[in-house]
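Dropping the structures in below, format is structure tokens.
Look at the two complexes coming up: chain A is in both, with chain B in one and chain C in the other.
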Partner chain A sequence: MTAIYKREFFSYFRSPIGYVALALFTFLSSYWFSMYLFNRGAINLAQEIKAIRNYLILIVPIITMALFSEDKKRGTEVIYYTSPISLFNVVCGKFLAAMTLFAIMFVNIIIHMIITVNLGGIVNVGTWGSVIVYFFFAALFISIGTFASAITDSQLISAIVCFVILYVINMLTSIAGMVATGVQSLLSIFTDDPEKIRKVCDAVQNAILWLDPFSKTNDFVYGKFSIAPLVFCFSGTVVFIYLTYRVLEKKRWSQA
Partner chain B sequence: MIEINNLVKCYGKNKAVKGISFTVNDGEVLGFLGPNGAGKSTTMNIITGYLSSTSGTVKVNGHDILEEPEEAKKNIGYLPELPPLFLDMTVLEYLTFMSELKKVPKQGRKEHLAKIISMVKLTDVSDRLIGNLSKGYKQRVGIAQALIGDPAIIILDEPTVGLDPQQVIEIRKLIKFLAKNHTVILSSHILSEIQAVCDRVVIINKGKVAAIDTITDLAAKLSGNSKLLVAFKGQDKAAINALKAVPGVTDARTRIVSDGITELEIVIDPKKGGDVRSSIFYTFARNNWPIMEFRSLDPTLEEVFLNITNG
Partner chain C sequence: MSDNKNVNKAPKEKKVKEAVDNRSKVLKLTSIFSVIILIAIVILFNVIIDKILGKSLSFDMTASGHNTISEQSEEYLNSLPDGASIRIVGLFEEPASYSDTPLEYIVPLLQDYAKKSSGKVTVEYVDPTAYPYIISELDPTGIYDVANSAGLYAVCYEGKVSIIDPYDCFTYEQIFNESIGQPVDQPRYNIAESKFTNTMINLTKGYTNKAYIVADPRSTVKSVQLEAMLNNLGVEVEYLDYSDANFKVPLDCEILFLNGVSSDITETCAEALNTYLSIGGKMVVTADFVRIANNGANLNNLNTKVLNNRGINIEEFTVRETNSTYMFPGDASGYVFYASTSDQDVMSLGGSDKYVVQTPFILNKVSTKYDSSMTVTSLLTSSAQAVKVDYTGTDVIQGDFSVAMKSAGVNEGTYELYVFGFTTITSDDYMSTVPSSDSNVKLIRNIVKGSLNVNDTFEVESKNLANYSIDTSKLSLNGSSAMIVILVAGIPLALIVAGVIVYTKRKNL
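Take a look at the complex of A and B:
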């Protein structure tokens, strides 16, 4: 796994991908930092990290699009299948390389923390809450991107699939509202009992919102932690890593 | 040693490999032949663990490729038709990566890589990006990665395809050199290459083993008896009578008489007289018939291949 990890991590800096992702993250985080500092006169690191979280749907596809699709396109995936290593280790090595790049990006936020402390501000518990959520989100989203990369040999398609999945996750609150409204309209044709309709709509909305990692972690910014959202993100990460492994393993049985 | 037993591979309803069985012995150089779509690459991919078989077993030095994949794969170095190269790495970086992947012990890794780099003549380009190398050098890098970890078995799929004649000669020399210490499976469409390098050939046709033997025995089986051609200065009838007295010669007939030179086709049965070529030579010498040409008329590998795959 170490060999795959090193190869994948350094490959980010042999192509423009690593630099583009770093530049994009630095620009966006610095934009939010300076906006809070100069427009509002107060630094809010927790809100800055929360805002940056929303841009993960742009940054993650860039970082993960080539993880497996490029190997398939260039025929280098044969190395993973014919070497004495397990495919699961290959998936984990690539996933960890992408996570490391994310950790390096985060250095810019640490610089902002240092500036904040030097200007007399504090790094409060809400900020640390945002940091924890950021890394759990990054892990979940990177695992989704890794999965998207394993199902195609085109970097572009991989990036689009990853972007669409992350966009849908980002929009789950709105989607839950829209679906609940739709269900309400539909049910009103069959029943006049408003209490029954409300209960069904709430159940549908809650079921969709259960999948939304964003709404689960809103309180972290205010220093209110709970373990359930983190378990949710971690479980999601494990599921997508396992699915990636299964997709690769399936190729061994089905490819022509 | 590789033992392949009743290998079957299906892609949906299409059966690409239909119960292939053969054994590759230690130290042997086995040629792998077959027309396009015969199931050759599929079989090689199953042997290397790239694909899984639908049924049947592959054992590499006693390790089943499905049940003990890591142990089995340690014994195999594989060069696919398209060498699996990371173009953004230098030759040395790539080979170091491959040695880590193949779990070559850190102690002695540098020396191991230096030996391989020198063996495949990559020393001058070891610091260059693979993407900037010529096709011949890329092929060498592909062979180098197959040699990492000193596997007992080397599988080469079309190693000389797309190379210029000079590069082809160099790669063939390298394969011959590797054959001294390794078991080699060589797949190629260039039959002269197989003939020059291999001890035995397996011919696969329509997903089945159509023939497996040494090239000489395949030719003998195809023609029934071995045939020789002799061109000499002298009378054909006298020569035919003289030849029929040689033990092992079963028949002799005139092919052409032109400008005082007679061409005879001599049919021999190797089981009766062994190698009869010296006896034939002395028969002509005793009768003072100068020999102008003397060669085998056995079918070439190309003829054997066409006969088996078309027949």
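Take a look at the complex of A and C:
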């Protein structure tokens, strides 16, 4: 796994992908930081990190699009099937390489923390809460990107699939609202009891929001730490890593 | 022979193919089932964690406990009878994100109320625009004005409703914002828990006492903070206007505040107050030296007809402190300073021997009116190095001066009169910028509690808000511009250039 990890990690810097992703992240995070610095005279790094979470839907597809699709396109994926290491280790190695790149991106935030503290600002528990959520989100989203990369041999399609999945996740709150409104309109045809309608709508909305990692982790920014949302992100990561493994494993028996 | 061979080979190949197909089928089924089982386990595990263990696996990591109710609130919730039902309704759609809004300190806190109340408190969000029925459900007669309370919280108990504005859950300090060139209200303390707990207490137990605040008719600002503090003690508050020609102290008045006096009271008012005290009334007077001096006013009626009869006189002088140990940090003028006390009662009531005063009146005992039916004591004094200053700002004499006094009848059931020559004890300006644990606030709160015999209160402290402000003096405009250019443009451009170089090199390999 270490060999795969090293190969994949250094490949980010042997192609422009790593540099572009780092540049994009640096620009976006620094832009938010400067907005706080100039416009408000106060810096809440938790809000900056929270804002950056929304840009993961742009950055993650860039990082993960080539993880497996590139090998498939070149035909070098056969190495994974013929080498003595397990496919699961291959998936984990590539996943960890992408996570390491994300950790490097986080150096930007550390620089912002140092600047903030030197300017008399604070780095409080809300900031650390955001940091924890940031890494759990990164793990979940990278696993989704890895899966998207494994199902196609086109980097572009992989990036688009990953972007669409992440965008839908990002929009779950709005989707939940829209579905609840739709259900409300529909139910109002059948019943006149407004409280019953509201309860059904709330149930539908909550069911959709249960799948939304963004709304689950909102309270971390305010210093309220919960284990459940982290378990949700972690188990989502495990599911997508396993799905990726299964997609690759499929080749062993589907072409027989 | 070869024909025989081919005949034998065909079934063998067929068998191998069948075996491979079967193996593929098994692997395929294994793969599909393993995925289904994993997803099922993950969903089940998450549901268990979220619904069963979720509440016990969440932790409030904030230093001030913004997201958690205090022991006092828990104690109150436990004191509620079984079957009590308090319904908190946010009259808006539950926000998906509430960063940088007051709700950031309220939504998680209310979840904690619901979590720790054993079902006695429920929290829900209903947008009255989408579900108008909620208005008639909560307020069928319209007396609580729920119809005009969209965006606010309604706390309901047995048909009674109290409305809480999320913005009222904070105390504010006015600071000058350089970027917009005008003062803005900056939140200082989070009083959301105090607000909700006390609202629930007042709904479930009702107000137990009544106070009147005699307001300055020239002032457009009411004593909002004082009123809130009294409400929190279960004291209902009403206002009286001391310029009213028919001024009377209502019979149900249990304590009366003459708050921030900035002009003399009328003779009618003076007579009413005198009568009120003579029948055992309790009164707190705070006087505003700066506004009286600026108005060129005097306090003749207040002094001669009310205070002098109880052995106290407000002199037309203020105090400037020169003793550095008494001076307030950051105030070089000496007009804001710490007044000290040697009175054990004051020390125990306020929990301190020093209290912040600003440009206070000097108070004196009036020996001619002082008799054995009353005790007059000095509560707070300046240091011996303080200087007496007149309205024009001229120094008069050096010495120690009283700035707060108490006069009380010696017999049980007789009057209690507290006179503070300053307003940094009941004014909105002061109370809104300090926490509820501040000595001045504790002193006035405990004076009220003592006067009204209020003992069974649940006092919830205000909580510090994180201050994210940076020290702009450490960063020049040029310095910050350079830093931003490097961060926003310099580093990303350097990375892009590195990417282009790598790309070009690879292309030329």
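The rule is short, and it goes like this: the second predicted complex is superposed on the first by the 254 of 256 C-alpha atoms of A that agree within 3 Å, B and C clash if a C-alpha of one lies under 4 Å from a C-alpha of the other, contacts with A are read in each partner's own complex, and residues count from 1 in each chain.
What we mean here is this: a residue touches a chain if its C-beta (ideal position, glycine included) is under 8 Å from a C-beta of that chain, and two chains touch if they have at least 3 such contacts.
Computed from a predicted structure; not experimentally measured.
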Touching partner for A:203 - first (chain B), second (chain C), both, neither: neither
Partner chain in contact with A:184 - chain B first, chain C second, else both or neither: second
Touching partner for A:103 - first (chain B), second (chain C), both, neither: neither
First, second, both or neither for A:15, with chain B first and chain C second: both
Touching partner for A:50 - first (chain B), second (chain C), both, neither: second
Which of chain B and chain C A:252 touches, first, second, both or neither: both
First, second, both or neither for A:227, with chain B first and chain C second: second
First, second, both or neither for A:168, with chain B first and chain C second: neither
Superposed model, chain A: greater residue contact from chain B or chain C: C
Common interface residues of chain A - those touching chain B in one complex and chain C in the other: 14-15, 252-254, 256
Complex contact set, residues of chain A against chain C: 13-16, 18-20, 22-24, 26-27, 30-31, 33-34, 37-39, 41-44, 47, 50, 111, 115-116, 118-122, 124-126, 129, 173, 177, 184, 194-195, 197-198, 209-210, 214-215, 218-219, 221-228, 231-232, 235-236, 238-239, 242-243, 246, 249-250, 252-254, 256
Residues on chain C engaged by chain A in the complex (per definition of touch): 20-21, 23-24, 27-28, 31, 34-35, 38-39, 42, 45-46, 49-50, 53-54, 57-63, 66-67, 93, 96-100, 104-105, 108, 126, 130-133, 137, 177-179, 466-472, 474-475, 480, 483-484, 487-489, 491-493, 495-496, 498-500, 502-503, 506
Residues on chain B engaged by chain A in the complex (per definition of touch): 11, 16, 48-52, 69-71, 73-74, 76, 78, 80, 82, 84-89, 97-98, 100-103
Parts of chain A lying in touch with chain B, wherever the complex brings them together: 2-4, 6-7, 11, 14-15, 74-79, 81-86, 252-256
